[in-house]
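Labels for the chains are A, B, C and D, by order of writing; each one numbers its residues from 1.
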């Protein structure tokens, strides 16, 4: 989802930047390797691949333009903002669900699969009619909608239960994995991004930047099997499959974290550089603020917003990445469930999974927006 | 606190040199600059962009990174020496206790994430209890003239207007009671009226607190008005320094002279007092009850008032009209409606048809527009020749005639024809602005609307562009509508001044009348705010109202 | 103009020279991989599918000539790696083409009016809310795995990116003074569009396109890894990794060489994209055009 | 990790390659996953022990009272974990339940097709009557499990269970794992292993690394080349036993080329099975004889030799049939279903190429492959390795007859007739004779491409005493520790 960068008030270039949702690898758009007033060399050497993508914060903040000097008159922008976001999200989820339903309905008749080979054609026809798979897609869809509206989501063909139960259980596993991956990945990304900015040793910085670059190019499934080899067999520290103990989470989470970290590192680095180039940082320095609060309050906190937005939009790609990673590590998550349901054509499970995935994705994006908005002082009007 | 002798210098800068880059590839930026400032004195530092003014100022404030090259020379305040860059604790103490710094753009110099209270408190001594610090912060805001200080403490930078933000910035600079105040272009980003208030505030603080003020600006008009003494910086060398009045009247260095000359803009009307018996002009443009109301941006704020509100105006053929007014008063919107770039919400606008030369292409507007921003008004992917040939081709000129015509146009705006092959990025600001004008001329317009054509340019370049406009106007008998806030330009170029406020015309009279005896109080206030009084007073034939 | 902006602009100009080596290295890497793949019939020492039960899982060696070793049924890994990029590159190229075409088309449409924009925006939101891999999984297992299907499904995933970029750029440009000046100078809509808007889309698209190529290649190998892409015995990087992944601890050459080919290619593409984005950032405020 | 054999194990992890689908035999399909759980938590009348012999479970003895009737005498005192008794009425109720759901997707419906009625004569006697004589019935009922009727009416039988077998379910997470714990109320001998985790690990590489690191104590369906890697792991015992699945390629005789017997024979001749079994299968198996029955079936060994490899003859036959200039065929192979199939398929491809047959491979997900076998779009050749629930030869042979929906095109009527006669035979000898007729008919007709029996590859912790079964069931009750 693309959001305009907020106007920082600077008259400098404000190139609209774009973040692309379903990617762990955020798009390198126009970079901002800015001049830094307090750094010896603004450009890391040519070979260093230092450019990192656009950080400029991706948020659309309500009420941003109201530069009225009298804050007390302003109404809180929250309700509108939230309502808009939530409605949009619900719309997207509904659309996704519709799309998937039509795709499934267009292809065929799941009854065939449910019956063992011996079923006669009449039997198939009878059951097909019984389940309503012979009606036009549109009718099937309307019936489906009615069922959903009346609270009777079609049960899983295989499990005979409302598919949301198993799907939500799997979601729990996937969330455990992705959240841990995000924490590890984000922390690693932040630390690496930070180090590439503050370290003075060019060699180390270039090595870090190259590392980020390479990590970004390694497919997660490949990294996964390499990690299994390294930490499961050569240095048998962690279990390589299944779930149960917290240790089981380590390798899959690391693999998935590797999907998160490079993007975060790049965005944070660029954002830090940009922040460091801003006048207010110089102003804070001019106040003689001690190093620690200076960095925390004026540099890092200010540079975080684009990172959080990125995390929000990355969640979609993380769910996708999780499919591959879950398959490598036998992690019983949503990915495995979806793949399974798709191959079994257990359509109500598939739809439930898509609804849950889309909802999760939309929710995290909205959450990220909200967090960014909270970080944004404009939202603190109402105290 | 050491004792400051009444006339002994407080800030001493001796032989300050700064170079940037890695040790093996140093680029010298400031070369052996020396000057001093007494307590209560204002020292102005002027020079074209990139001359090293900011670097000098930041070096004195101890704000240069120790990693980005080297700095030699001696800087002291009273008996205290600017510490070694690597001695971070001492350096921090220096920044904290000795100097206050004000930056150019108040909105970006405040951390957008923190409230005014938090930012002010941070500048106050940490040992003081928080409640006490809040009280002090409020007092500081009061001191710098922020109304409703208690409320404003909880405001965020974006809720503040530019002027208020700059006051907060000043309050922050004053928090620790510094003895030296470095103001690096403190008003460049502000509206003229606000600019004046801020400069007044700095003056007042300087006198009340006995601050030594280093006022940095590229605008000799601003500095000339305020500084007791002046230093002129060129390519990192202090080419001249001394008493302001002396330098303004008798500059020793040719560069200084050029800077001052540039401020005294000459034009056809500079000398021409109205005789009162000019022949009535045929009206070229007739505007009646023109109104523009912008749609409210989605999700944002209340419906704004009309940007241009029932404006009626008549401009005669060959006339030269200046539109002045504070920021947001609707000047640009009016100009854009005149040229057809913006559609009016209501009202009538007519361009006398019989007078214009019927253009070959009906789409070509007879009113051309010169954009304020020379950066974005030229397509960066097109060479100068291509930019100019587009309107020419639209006029039906093509093939062999094209290069000649391009050469002629470039000649007309006094550009080397060799520039035709260059791209905008390879041109200086002044050159770009001239290409913009040439492009407007290529359409053979009946009249030209120039929207602050020089406000972003250096003084020297500004003078050249103004001279060019004036020449074109005279030679081509072109009607000129000029939007500006620069008084000297107004007096040099225009016969008539239209003053706008909140989308309405509050005054419309001959230049001489407006400049000497404005009828509307707003006009008067506006005129007073415009900097360069001192230079103007020294040079202008129109006696300006003394303050 | 803020104090720093001028300096920054100047600072950026200084960087411009710095981007070239990266671009050159990136393009070289991509070129080597592409050439290797295209010229595979000439370069490969063996038929990629030639089974040799006599030399199964033999380690990399020069004599017999198997520099990358052989796989579980004795096929030459080098030959398979050379051929193995085909699907990835073809899918990368064509799905990007689809995505760009759709994205640009929708971007242009969206620039024409608010309603159209809103509708397309909603569609993009829906598209974005289903992770591409989930959609691909579903579509491919529902409609079967055909190369065209893979291209289409991967192509569909990324159009919103191009769409947003194009739309934003067009909006930005239409409001920009030089476009207004062009109109004032008497140029018609089409001329202004062709002359002043289209050329500016190219650099932005160059960046999104390189990005798209790398994600599409990644997606193709991911699908092949999951068994939804190329079918055995086709040589295909993702599939080769999948087929030999159990051998990683033993006959490591099976999965490692196709993996390396994939990683190297992706690094190359990313370097190009990165260098381009830097380059265009440098030209952001009116640098000299070079595309 | 430390050698697991050091300590006596009472908790093990077994890797299963596919997810579980249901705890109700009406819906459960996969023998290895679902069948293993069902067999551990529920009781059946009879059972095949690890040597393939039919033994009693609930039933103490069973006799054929007449050609259409079997009487089973139950062990008394068998209860469910809630204390309720598993008696004859429960058995009868369950068989009726299966009969009432003839369309159920599970394979069990097939088993009771021939059953007319089951009645509980008294608490320990069940009489089952069949529509036609059925000497295989005691074997068939080995695959039928018995639910507690009252409980079944009020619970979701797909996800919940009430155990009567050696184990009960501690947790059931179909996508992830099933944890079995010893059932303290079990009426038979308590199993040695108290806790068994059947973990879904569908990725072969992950299975392998889990086995290597000791996280997993047992794994099956391991490619022979991967088995070699595991041989060096000290904590593991690896190997293969013959399985009940003979690998064949089924012809789609709707393709006119394949309706021609000469072409079918040519394909059989063109494949060098010996080379493949020696290399890809590492000598774990020998080429199959010309029959679909493996050594586990009664009726096996009725034909004694494998189809010979003779490329010249293959070419001749093809030329004779008019395909001297080549023939394009498609082979559909399921992924991860049969050991070594994906590796052997490209070899078949290159071997057939020698004979002028251009084979296109379609390796798809198991479900997709299966789906296709039922439709008209079935590939020219489909890789199969079928087995029935209870290793009953007549059931297996039915899969290859005209009545079966995976058969495309007409096969000889004589085959169907022989299979039907075998089913209805009232003595073992008569049945074996009919089976022989059917198998010979098939071989003469070059019914399928006979490849090799699938090796039941395994790698298990060497501290476990475990006789690996040739069929797919994993019954932890059969495991003990050393």
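Definition applied: contacts are C-beta pairs under 8 Å (C-beta built on N, C-alpha and C of every residue); 3 or more make two chains touch, one makes a residue touch a chain.
The structure displayed is predicted, hence computed values, not measured ones.
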{"item": "Chain labels contacting subunit B and also subunit D", "value": "A, C"}
{"item": "Leader among chain pairs (count of C-beta contacts)", "value": "A-C"}
{"item": "Chain closest to the middle, measuring from C-alpha centroids that were averaged per chain", "value": "A"}
{"item": "Centre-of-Cα separation between subunit D and subunit A, whole angstrom", "value": "43"}
{"item": "Interchain centroid distance [CA atoms averaged], subunit B/subunit C, Å", "value": "46"}
{"item": "Subunit D residues counted as touching two or more neighbouring chains", "value": "203, 205, 209, 212, 365, 368"}
{"item": "For subunit C, residues contacting two or more additional chains", "value": "1-3, 7, 10, 141, 245, 248-249, 285"}
{"item": "Residues of subunit A whose C-beta touches two or more other chains", "value": "10-11, 37, 225, 228-229, 233, 278-279, 327, 343"}
{"item": "Pairs of chains, among all present, that meet the touch criterion", "value": "A-B, A-C, A-D, B-C, C-D"}
{"item": "Residue ranges of subunit D in contact with subunit C within the complex", "value": "203-205, 208-209, 212, 223, 225-226, 228-229, 275-276, 279-280, 335, 342-343, 345-347, 349-350, 361-365, 368"}
{"item": "Subunit C-facing residues of subunit A, complex", "value": "1-2, 4, 10-13, 15-16, 18, 20-23, 25, 27-35, 37, 42-43, 45-47, 49, 51, 53-54, 88-89, 91-93, 95-96, 99-100, 103-104, 106-108, 213-214, 216-219, 221-222, 225-226, 228-229, 233-234, 277-279, 316-317, 319-321, 323-324, 327, 338-339, 342-343, 350, 353-354, 357-358, 361-362"}
{"item": "Subunit C residues within the subunit B interface of the complex", "value": "1-3, 6-7, 10, 13, 176-188, 195-196, 199-200, 283, 285-289"}
{"item": "Subunit A partner contacts - residues on subunit D that touch it in the complex", "value": "1, 13, 15, 19, 21-22, 27, 29, 102-103, 105-107, 109-110, 156, 158-159, 173-177, 199-203, 205-207, 209-210, 212-216, 365-368, 370-371, 373-375, 399, 403-406"}
{"item": "Contacting residues of subunit B [partner subunit C, same complex]", "value": "49-50, 54, 103-105, 108, 184-185, 188-189, 339-341, 359, 361, 363-365, 368-369, 371, 373, 375-382, 390-391, 394-395, 423-426, 436, 439-440, 442-443, 456"}
